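What follows is a set of structures for review.
Each of the next two complexes has chain A plus one other chain: chain B in the first, chain C in the second.
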Partner chain A sequence: MSNVFIALQNNEETRPIIEAILADNPGSARSDAPGMVRVDAADRLVIRRETIEAQTGQPFDLQYLHVNLISLTGYIDEDDDQLTLSWSH
Partner chain B sequence: MTVELKTVAITPLRHTFTHVAALIGGDKPASRYQEAVLGAQPDTNFHYRPTWDPDHELFDRKRTAIVMREWNAFKDPRQLYYGTWTMGRARQQDAMESNFEFVEDRGLVARLPHEVAERALDVLLPLRHAAWAANMNNSAICAYGYGAPFTSAAMFHAMDHLGIAQYLTRLGLTLSDPARVAAAKQAWLAAPAWQPLRRLTEDTLVVSDWFELFVAQDFVIDGLLYPLVYGVVVDDVLAAKGGTAIAMLTAFMTEWHADSAKWVDAQVKVAATESDANRALIAGWVRAWRGRALEALAPVAKLALDDEAPGYVAGVIEAFDARCAKLGVIGPVA
Partner chain C sequence: MDMQVKKKLGLKDRYALMTRDLGWDTTYQPMEKVFPYDRYEGIKIHDWDKWEDPFRLTMDAYWKYQGEKEKKLYAVMEAFAQNNGHLGVTDARYLNAIKLFIQGVSPLEYYAHRGFAHAGRHFSGVGARVACQMQSIDELRHFQTQVHTISNYNKHYNGMHSFRHMFDRVWYLSVPKSFFEDALSAGPFEFLTSVSFSFEYVLTNLLFVPFMSGAAYNGDMATVTFGFSAQSDESRHMTLGLECIKFMLEQDPDNVPIVQAWMDKWFWRGYRLLTLVGMMMDYMLPKRVMSWAEAWEIYVEQNGGALFKDLARYGIRPPKGLAQATADKHHITHQAWGTFYNYAAAAPFHTWIPEKDEMEWLSAKYPDTFDKHYRPRLEHWREQDAAGNRFYNKTLPMLCNTCQIPMLFTEPGDPTKICYRESDYLGDKFHFCSDGCKEIFDHEPAKYAQSWLPVHQIYQGNCFPEGTDPTKEGFEPLPAVLDYYGMNFGRDNLDFNVSEDKRNFEQWRGPSSSNT
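Let's turn to the complex of A and B:
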């Protein structure tokens, strides 16, 4: 299998999202670039609405992820509660 | 000629303010909420003591019997600071505007059964005075409280209550006319059904321990009043009788109460977990104000629900007691 990643702008809105990704995906690695944060994970990377909401204490609509999304790899499996990147389909 | 583009990553020397870093366990990026409230309380080098209260400093930990080692522990789970609070409330205000527009444009007021509209006006309109008192009380908590995380959230809570009072006034004007709003004030001042609640409300206005005031107003009184009036009377009983339009006009109150209860519960929990002395104090306040609130709300419940009142009130009490038990602040009933 191979890696998947997601790259987001580095700002106040994405901080809780990135923290949630790192918490939900043990073994994922964060790398910082100017204005951007990239998170790499082996095989599979999941973003959970619940974890983001636990970080902020506010309701979060996963679609708002796309406002700050720069790039990603992998096939997307997305619903209201989670977004999963992987190469399996 | 080739131009080689290079990026240079500049790493900041520090990620946040020193006083914030000391409270979040080291120098790491802090959220705006943390930077807005943590360590923002002035706590040293005060000038003269206030002439209106020479026993205390201008900001003083001893204005409440609650004792904390770290007053910054009273964090808001909703993480509201001015930016998030105004944006959140603006969204809710937009939703309420469209609710009012929907009700007015479609003539839903004329379609309300007369009995239901009258009942809603009788029960809801005098409550704008209770909401205004809650605004005063939370302003007092902000003024005399200690610790910016607590006092800033109390000020938001105060303004939310003012908004609720305004929504109630607007509901009265939508369903009826200014004379009806004035009549509701007379009911609040003179009608026997409202006097116990008015007395309770006025007694809270002179509570000097700000944490007791918080427990009395935000935890106990609102914790019983909102589920009873907006949960049971409006959303349940009146809606079932064809009063859905009224539930649309009070949608903010229901949503706000569920959301702000998270903040209230978190504060009670933090104070009670700090020490057994705090827990005993809070349990005592809950016991005392719960008894008084139930006495005051009984005639209001009767006004709203007639003979069905005791059954519904029992349900509200049960839910409130479960909330207390979860927070560990219900003492043995004396």
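Let's turn to the complex of A and C:
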């Protein structure tokens, strides 16, 4: 099993996203660098639209992630409801 | 009867309709004549429909999010300029990292813009074409936003005024220039392997993340903002690189050895290029983020390790030079800074000897190498400088014919001995800094025999302003070369401690932080 990670800018738009990621991925770990938050997970990391929307009470388009994205690893599988990073096929 | 009407198409359907569905096969001319380049490298593609763009970004969504990013960025840039943001950086030494960036990195963004426009035109698969088209526009945006951001620094500090002119002429800038021209003059699949995969996927985290975190640590809000704005596109670029590799490997087993050879070559080319970034991290940031060795461990050994573990199922092994590069992580930045310290008269940015606490940091980060091999030399230079003998090397260095870096790297396992390699080709001798660079040459000698090596060009008399007569009595070559570079002697070059930048910064910052 290999780690996957996602790094986002640290701002008000990403705060609920990061909280949602941590909630949806038990065992994931957050680390902070200047201006940047990185979340690491073992093997698989999922970002769910519904969890983000529950945080903010507003509709969220997952593709809006592109605006604040810094880096990621693993293979991506994305649809309207969730984005998954993993090394599995 | 099922009366359910789907209100909106899902992401996957939208993507299919708005990218794949826009392509067609030509009929007036055969496809292989319209797309001549996507076959000649030997890569065999049987089914372009297997190409996946995992982000499934369509052109309309692309413009929407890019517009959003620009609006955010330009608001910050304006605030930065209006509030004299340049005086908020840690100290004026930091500005030299910005100089290195605008001189050596921003022009690469423009090259990438051209390269992806070309690759996008020449792939016959629609998915790859759309991804390349977006990336081409991204790269142009990066170049423009970097120039706009840094133009504010250029109003106040030296060395940034002629970056584009310098890029085609100045000795160390031939390192990034030749790297990218090597990639641009390859076929489209090799281009994607070099730039999208080796550089963007495996190595880009080493370029942008430390540079931008470095900017954040050092109070440079403008650079952080353009950096993060550019980096937000980078995830898409990395994904393109990984997808391209996976696609080639899955299409035909005959592609595997070709891709492996490209990975070996471009890993080494990219690694050599990043020596400049490592040097910036370890020596040029007044407040350090992490050492080069630490960044190498996180981004290459750990993240790269996971990637190559995954690619092993196609029969791909980690790049050949990886073990060597990993062993060298304790040395190369010190060796590079020593060289730039030497050549401070010939480079349009300033160098200096690290302060005492910075030496302590270096020795803590490099416990096995810094005190033993590199501290004594820096201390010697500091003593010489204090005695009025600041060392400026006035001879020209021998360059590696492949990476074009001066021969400053040492033998594997022996940091006291400079590494030299050579090859014969068409009756000439060619010189290299490493086995990695020699092997690249030996594989394509006809290409690298044409290298425009700045030192050779100076000796051949090709780097003086027009009308210069080098046979005139009392002719001084160095000033003539610097004139050709577009450098202002005494302002753009020499030691930081005697620089106009240092004087100005102190003079301007004083009043901005006190009530005088």
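Everything below uses one rule, namely that the second predicted complex is superposed on the first by the 89 of 89 C-alpha atoms of A that agree within 3 Å, B and C clash if a C-alpha of one lies under 4 Å from a C-alpha of the other, contacts with A are read in each partner's own complex, and residues count from 1 in each chain.
Definition applied: a contact is a pair of C-beta atoms (placed from the backbone, for glycine too) under 8 Å apart; a residue touches a chain by one contact, two chains touch by 3 or more.
Nothing here was measured: the structure is a model prediction, and the numbers come from that model.
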item: Partners on chain A (chain B, chain C) - clash or fit; value: clash
item: Which superposed partner A:3 touches (first chain B, second chain C, both, neither); value: second
item: A:33 touches, of chain B and chain C: first, second, both or neither?; value: both
item: Dominant contact partner of chain A by residue count, chain C or chain B; value: C
item: First (chain B), second (chain C), both or neither touched by A:58; value: first
item: First, second, both or neither for A:72, with chain B first and chain C second; value: second
item: Which of chain B and chain C A:15 touches, first, second, both or neither; value: first
item: Shared chain A surface residues [contacts with chain B and with chain C]; value: 33-34
item: Chain C - residues contacting chain A, complex; value: 10-12, 54-57, 61, 65, 68-69, 72, 204-205, 208-209, 212-213, 216-217, 224, 228, 231-232, 234-236, 238-239, 242, 289, 302-303, 305-307, 309-310
item: Touch list for chain A against partner chain B, complex; value: 12, 15-16, 32-34, 56-58
item: Sites on chain B touched by chain A in the complex; value: 7-10, 29, 31-32, 76-79, 84, 88, 262
item: Complex contacts: residues of chain A adjacent to chain C; value: 2-5, 7, 9, 33-36, 63-64, 66-80, 87
